[in-house]
Amino acid sequence: MNLLFVGDVVGEPGRRVLLNNLRQLKDKLALDFIVVNAENAAGGFGVTEKICLELFEQEVDVITSGNHIWDKREALTYIVGEPRLLRPHNYPVGTPGSGWYVGETAAGDKVGVLNLMGQAFMHPSLECPFAAADAVLAERPADLKMILVDMHCETTSEKTAMGWHLDGRVSAVVGTHTHIPTADERILPQGTGYITDVGMTGTYDSVIGMHKDKTVKRFLSKLPERLETASGPATLSAVFIQLDADSGRCHGIKRVRIAE
Amino acid sequence: MNLLFVGDVVGEPGRRVLLNNLRQLKDKLALDFIVVNAENAAGGFGVTEKICLELFEQEVDVITSGNHIWDKREALTYIVGEPRLLRPHNYPVGTPGSGWYVGETAAGDKVGVLNLMGQAFMHPSLECPFAAADAVLAERPADLKMILVDMHCETTSEKTAMGWHLDGRVSAVVGTHTHIPTADERILPQGTGYITDVGMTGTYDSVIGMHKDKTVKRFLSKLPERLETASGPATLSAVFIQLDADSGRCHGIKRVRIAE
Amino acid sequence: MNLLFVGDVVGEPGRRVLLNNLRQLKDKLALDFIVVNAENAAGGFGVTEKICLELFEQEVDVITSGNHIWDKREALTYIVGEPRLLRPHNYPVGTPGSGWYVGETAAGDKVGVLNLMGQAFMHPSLECPFAAADAVLAERPADLKMILVDMHCETTSEKTAMGWHLDGRVSAVVGTHTHIPTADERILPQGTGYITDVGMTGTYDSVIGMHKDKTVKRFLSKLPERLETASGPATLSAVFIQLDADSGRCHGIKRVRIAE
Amino acid sequence: MNLLFVGDVVGEPGRRVLLNNLRQLKDKLALDFIVVNAENAAGGFGVTEKICLELFEQEVDVITSGNHIWDKREALTYIVGEPRLLRPHNYPVGTPGSGWYVGETAAGDKVGVLNLMGQAFMHPSLECPFAAADAVLAERPADLKMILVDMHCETTSEKTAMGWHLDGRVSAVVGTHTHIPTADERILPQGTGYITDVGMTGTYDSVIGMHKDKTVKRFLSKLPERLETASGPATLSAVFIQLDADSGRCHGIKRVRIAE
């Protein structure tokens, strides 16, 4: 079973490089399932129904997100009727939408996707993502073998800890949010694929996808310089994950990078 | 001019893999200058005179650090007499030691090393590292062409912004502190080598170098579980940086990884 | 029903002024129930069995705490056998001890005490205190009319919000943790007594109970100056709360201050 | 010399209670100098030229601010031509405006006003306020005896430390930002008046001036509920400070509270 997870899509450049390459990539890698983190897809801040529909049309199976999920307020209502758009699962009970979805490949294999958010340095403070993961796994359907976790999180320690916490219990834990790909992809000892951050899909001549001169100026001046998405050639950042459909174990995790 | 920068050395495993491999690496890569971040070298917390001397004996030229610099209090006095041990330069005026040192290669080329610390999510709040860098560069000796910056920092945005801020003004900006190597090494348009994080030198079957089970337990329980350095095979994480000695421009930056 | 709530007792000076005045205060104010926050009672950091026993001997009914509860590790075991020592209730399920206790006055009236901790700027991140309060109240015994909440918290907004959240559902919400008494004690419209912070019981010629020169020096130098409890004359800071035992409504809340 | 310092004015209710009472208060208390923190005067977020002019017309001498100073972007330009509007002085060199102004009473006595912002838990990270205060004092005019400091800051420890740091060197240090008045007004041993927080001028049936139900809902749901200024009767919160004009020493500091 071949799965692609695409890191935080940032603005028009991110959507462009993704949509222009996804079908080709699907063929080339014989992808069975595609998950995209789209929390910054709408101009860097949030996601809209229109953008989700574009992604689903390009054969994206599930969309994950993170702290920017509600930046476009329409997400609060759209998510209610669209179970394939996930928000962090450890929001309080009663939050619109869900962070857990079980999809199916064309071959009829079930794939669970769980979206979590870290607590350290993230606003607002959500419930413990470790306990939230345990709760989901305790109620997983018996026949669900493959589970992918998007751990949206600031610190490397909280992400790495989640990898170890879930090793052997899910197929893969991939980190998002920092927008820079890490070079530590590996298969953990009990068979879970892991990477600390997939990196963003957007313009890298930027500061995490935003206009670099304005952002640098803001760091220097401490003034509320308005941030806007950087333009220019973009790069798709993803991980290609190979799973054994019967056991759910990961037997391959590899960074994918396609630059315009 | 060939330079090696070694990421945060964590505890005995980190020192071991470093000391067992450094001379060989020096020969193999024809290294002219070696810089090591040692903020976690002493049991994960701080650095001692003894450890610094071991490193200097193995031909380390300069030692950098970060938020853990004072964890072993002897550093407060040792640093005063040892200019090759750096603390973040943007500590207030009057802080023992310095974050700026100009060394020399065997061939007589000068190399400046600047150690900075980010402001976001770091304790305590130091002065603006962007302004601190500008101040150092304004007073650089005219004949100093090669400068390496260790940007010790939590967020990818502050590190990336520092890369752009110094592009064309220093030879390389390398990030430390998150302990996970990033896959974004590159030469910026004006000739500055850049990587968001070099990654730690220590045991990766861990949570950023510390015992993984205890750390995971702490994330779940929120109790003050004592952290200790993980044991087991360690990995040296570094970047190999090639500079033009005359212009100071970077013409190569490559990740180096040596696993036990 | 007359209740006294004593704010964060800091070190020996705090214990001294408390123990020297409590019995007298009990007589003078005809106190039926005494609650003391003791998270800093042991040298500024944590609480011990010995200190708790001293307080219980002086007719303290319940001891609350906060982020410093585990600073002295013996608290982790002592709390298991001593239900009158509370830790923040919104620690995860499985944490030793509890943050909820129902005591009884000499006249046989039941008094519930609930200890919560805020999420903003507090380490570690506990579960949502608002939801935790709702869960406790949903299961309150039918005959329990009087409930006091110690909201241990950094920001005024989270404390004030808790006051409004519980107005009419508990007898009083008192804030702790900032160590400075606020001047906003009042009875909220639905009958709940409220104050943002009771203030500490300790030496006020200090920085929140700690040695002032050392703390100021630390703010200036950003160095890890060791903090120690200030000495000198101490002040007891408390609130005197009058409740209607039948309805649980508050009909009086007044600051109490006794200086040595 | 009689000085009034009015705490964070929040929205229309705050401006209303202030403007309706200021002249009367000036007569009654024989005020010589009036300083108002107006960082939340414009709908809770920032300040405008129009609002500043209204305040100056009502005989306000100096307006201070804090982290919200730039919420209305016109402040970035207005402040350049209006030295009586202060922003935190510890913004970087080159920031529009200033945080230091020397005014004059009708009797010809000079009064310096210094606006600082804390570092802990405040965004963005400004320069060290302790060092910034030292720098201003090092260059104070010889004939300037009276100086008032507005320390805009989240934590009680940083504010209290500033009080001790400046004791005997300025006339008064008053805290702002938390919007809740503290009950710790006092004259420090070397003659400096001090209070940790003056409290806001606005509607107290609120969460720090904002609509209470919406704010409580936001704490529970963790959703981005839009905050708006609370309406209803407002309260003016201020401190009345009496100084010796010759020495600059404080000989009286008293909370003032006027409720609609």
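When the chains are written out, they are named A, B, C and D in that same order, and each has its own residue count from 1.
Here, a contact is a pair of C-beta atoms (placed from the backbone, for glycine too) under 8 Å apart; a residue touches a chain by one contact, two chains touch by 3 or more.
Just so it is clear, the model here is predicted, and its values are computed rather than measured.
A.B. asks: Could you tell me which chains make contact with subunit A and subunit B both?
C.D. replies: In this structure, the chains that contact subunit B and also subunit A are C, D.
A.B. asks: What is the Cα-based rotation angle between copies subunit B and subunit C, on a 0 to 180° scale and rounded to a multiple of 5?
C.D. replies: The two chains, subunit B and subunit C, differ by a rotation of 180 degrees.
A.B. asks: Select, from A-C and A-D, the pair of chains that is joined by more C-beta pairs in contact.
C.D. replies: A-D
A.B. asks: CA centre of subunit A versus CA centre of subunit D: separation in Å?
C.D. replies: 44
A.B. asks: Where the centres are mean C-alpha positions, what is the separation of subunit C from subunit D, in Å?
C.D. replies: Roughly 30 Å separates the two chain centres.
A.B. asks: Measuring centre to centre with CA averages, how many angstrom lie between subunit A and subunit C?
C.D. replies: That pair's centroid distance is 42 Å.
A.B. asks: Which residues of subunit D are in contact with two or more other chains?
C.D. replies: In subunit D, the residues touching two or more other chains are 92, 124-125, 128, 131, 220, 222.
A.B. asks: Would you identify the shape of the chain contact graph, picking one of line, ring, star, complete or other?
C.D. replies: Its topology is that of a complete graph.
A.B. asks: Which residues of subunit A touch subunit C in the complex?
C.D. replies: For this pair, the touching residues of subunit A are 92-93, 119-120, 124-125, 127-128, 131.
A.B. asks: Which part of subunit D faces subunit A closely enough to touch in the complex?
C.D. replies: It comes out as residues 70-71, 73, 76, 91-92, 94-95, 124-126, 220-224.
A.B. asks: Which positions of subunit D touch subunit C when the two form their complex?
C.D. replies: Against subunit C, subunit D makes touches at 121, 128, 130-131, 154-158, 160-161, 164-165, 178-184, 189, 196-197, 199, 204-208, 212-213, 215-216, 219-220, 222, 255.
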